[in-house]
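Just so it is clear, A, B, C and D label the chains in written order, and each chain counts residues from 1 on its own.
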């Protein structure tokens, strides 16, 4: 573990078991593997000696499907990858295709996109908080989190008619104008939310059991995190102040003031605090954006049939889970020649082994929870 | 107690009758505790809980029980069939056996053993075999890990809980459950006020012994799926379930008997008669409470959406009214009947109050990790229990030798113990700040 | 006394039968279960003798405490290996001779000392509370041996901790 | 299901079967291989614009990204730079010659085949045999600490059919650079696992989807598809419809499930 760049790779099936060691197969059907993740653990008593993630149970060949759909037709598919943050996925894809076309969405569209994406970030983090707390054994926060998430989903539903896989954005801008009372809804949510998040913190942040279960668990150093390509809150909790919204602003993020929360240790508790603070910051962005949504068109004039000129583009956004990138190659036809998705969950999950070694079985579920994976995105 | 049958026959028949009643009622009671649990949980989590089966889900336990009984019974191929079959039986029969010595009222007691408390502890400590053997016989890693955790946890926390109990025993000077309650009547004070720390230690220990959150590691859902019960289904699973809830009632019963005055009503030694009658004011309390519940049911009944639900609600109200009537009627009967009926009421009320705390903890706290659980048990609870024991014994000795009131000396002892508890907790905090990776 | 005799033979028979089963089972966990049964049957005999405290102690300490730890350790053993091992080893003839010798001794003892083993005195109807009796004996008359035994156990415990620590 | 003629077995596929409409984007003919210095192409797109053959101005108003971030390094290639004024020109790959490319060329010579700028994103095409060395250089000397992504693109008509693509990111310079290496069907590609551990799963996925063998990878097995899977799904000649029909014929005994 000394050299962060060394590749310690596990190959459980070929290793010989010690006297007191057992192999525990967690998943793909297990209450806390967040879907169909399967983790093979080699245990000495309850201590993890080695681990291996086995994924692919939810593989749907999204990248292959993309090659057989037109650019617009593929847009709803990206919602099905990280299905708890569909709006963010859609934003990344639409902006990537816009970049490929050499065009850009109008400013009004970009501001509305920013608001909805930040709301989606809050919703995604709320879901993470609830399930993470549930994994650690706190039964109650999940219901509070769902209560707030419901408010966000209602806004989505009012805006575009869908709650989960929203397909909220179109290539070139937006299909729908904001509904009447959109600003008030978002404002009301933001006003309530500040008390609610304090409420969660009183349940967990100072709780001795919670601190005991998360502090010092699954430590990931900054060097390890960078070497493993980890992004998002996990990276920031390790002390790297890096956020694509600041580093390479997209949508309308360059217009708003917000902080990038970071922590030092990179343990589960730090990641918890970072995400809690991120929710607060997202709320601030929403409030700033809602103050002044510029007037103007919501759709760029790009035509009905999209034929991007040959070439390729890589565009990435700061999704709730980390850097979500789209690498799209065009051959000049109406269908993408290749769409590659850089899924944050997939790459963050690679750090699992590093975090889990030497910890206990109970920590394993805390670590799976703290990486915040969505298997739809890991497996695609 | 003047019975109208020959005492020798009564000595055999009455306990048998009680036993049958307990075995028959307990599953129903457990089912309704589950409903209560779900309702309390729902209330704390800003939702409604079961609402569909019967008005406010009142028939839910019956539906659940039917579902469980009708489910397919699966025995894994590689399981040890004999032990797999035996284990839930051990669990549930040991849990039920413990009721033999639990006094629900002065008369409602199957056997008044002079080692009653020890008997209950002994029998409930056998229940662990149900868990351990079931976990092993399932031939699954999750079950085995659950069983191992359970065994280690039970052995550790039984010690702490037992030491907590002893502080109350010192006050009572007897192991017979009946004598313990009577001692509290004689001293005019529930023992929880003499040895609050002993009660606290027993409470924590009893949560751990019954595998309830935050100490539910043997069946920790998010880690071990369902722990030792992972491979069980249908009726066998419900036996485990029944055993768990029966054990909860047992530990609540022990706590009630030792610390909360058993079947005694509040201010039991305080007698204030209603003017002109022999009825005590405080004795009217239970029936008034139930009358209120009955009226509330009648108030709710017309508001139910479906006709059958209106009916069920009304029946529940009527039931409460009937019980209130019985409780009120007992006021005019002989003192023995009064004590029996009201004793059962107060006993159950205290048991449920204790259980409410169990539920409350469950919905508030995250789960401990195994090493933290062990550290809490061995480094905090057991030392604290020993200190508490010594302090309590010293208080008793002081009272006996020099004669200050027991109340004064026990308060002194409690303060000393509290100071030491704070020191222990601080120590523990320092220790747990050490990274876990190189822990025990 | 009829009921008592029946119960005695039941418990005694159960104890002997499960003791035999315990020795002959190949599956070590089954063996442990039979050992538990033996201990419980013995506890039943104690109860028949109206030694409630001894009964409860037997159950709490041996069955509820020590045997749990036994089973705990046994469960960690790889069963597949022990199932394949040969049940009786080479010393079985020595063991058989020793068992026979022990049996003969017990038989002889019963035969010659019948009167002293079974005093004709009946069990009194009301016994002194035996919890107190045990306590009086332990902390009064046998104080010194009791304390020596405690110190011995303490030393054993510390020794076990030291040995276990070294491995970690 | 239309892009390519459907042959199931990728091996039996002739590598060059008549060039059709698909142009090989990454090796355009117009900018010559040794495109010389057009200094600071990213910062002055105007300078580059005249070089382009002006095509039909289909793409309308590109109002420009709002990113007013000052690009720290000379090569702000990967970053959204200031508003591009090239309104009439659709995005086109341009030759790139910034400091990084020069340094790379100085050090690795022929291994740096080409450097282009496509939609203001830097692409360096390199020889696959030097992939590991160049990667190590990029990490150690050019501060490309993070391997953002590693993937591949299949061009079945080409002589070397795969593009192996590495997207690198430098925290210090806040810029991305894309390395691209051409690899033949059975040509092993050096693994970069020991340079960036992040490459482990990404290379496995590449192997899983394209059948590209990474030499030196500690455990090159399938990751998303089942271990016993036949074929490599993201190859262009992997036909879903044919697979489906075959499966139905074999397992259900009927002609077609469609």
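Just so it is clear, contacts are C-beta pairs under 8 Å (C-beta built on N, C-alpha and C of every residue); 3 or more make two chains touch, one makes a residue touch a chain.
The structure presented is a predicted model; accordingly, all values stated were derived computationally and were not measured.
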Which chain has its C-alpha centroid at the greatest distance from the C-alpha centroid of chain A? C
Which of B-C and A-B has more C-beta contact pairs: A-B
So how far apart, in whole Å, are chain A and chain B when each is placed at the average of its C-alpha atoms? 44
Between the Cα centroids of chain B and chain D the separation in whole angstrom comes to 67
Could you give the separation in Å between the centres of chain B and chain C, each centre being the mean of its C-alpha atoms? 32
Rounded to a whole Å, what is the gap between the Cα centroids of chain A and chain D? 25
Spell out, as numbers or ranges, the residues of chain B touching 2 or more other chains. none
Using the touch rule from the top of the page, what residues of chain C touch 2 or more other chains? 76
Name the residues of chain D that each touch 2 or more other chains. none
May I ask you to sort the chain touch graph into line, ring, star, complete or other? line
Chains touch one another in the pairs A-B, A-D, B-C
Where on chain C does chain B make contact in their complex? 27, 29-30, 33, 36, 52-53, 56, 59-60, 63-65, 68-69, 71-72, 75-76, 129, 131, 168
Could you list, by residue number, the parts of chain D that touch chain A in their complex? 1-3, 21-23, 25-26, 55, 58-69, 78-80, 84, 89-93, 118-119, 121, 123, 145-149, 151, 153-154, 165, 167, 171, 174, 176, 178, 193-198, 200-202, 209, 218-219, 222-226, 233-234, 236, 238, 240
Under the stated contact criterion, what part of chain B meets chain C in this complex? 80, 82-83, 86, 113-115, 118-119, 121-123, 125-126, 128-129, 132-133, 135-136, 144, 147-148, 151-152, 154-155, 158, 175, 440
Please give the residue numbers of chain A that touch chain D in the complex, ascending. 4-7, 9, 11, 55-56, 59, 61, 63-64, 67-68, 99-104, 106-107, 110, 226-230, 240, 242, 247-250, 252, 254-255, 300-303, 308-314, 316, 323, 325, 327, 329-333, 335, 337-338, 340, 342, 346-347, 350, 379-380
Chain B-touching residues of chain A, taken from the complex the two chains share: 22-25, 30-32, 46, 133-140, 143-144, 147, 203-204, 207, 209-210, 212-213, 215-217, 219, 358-365
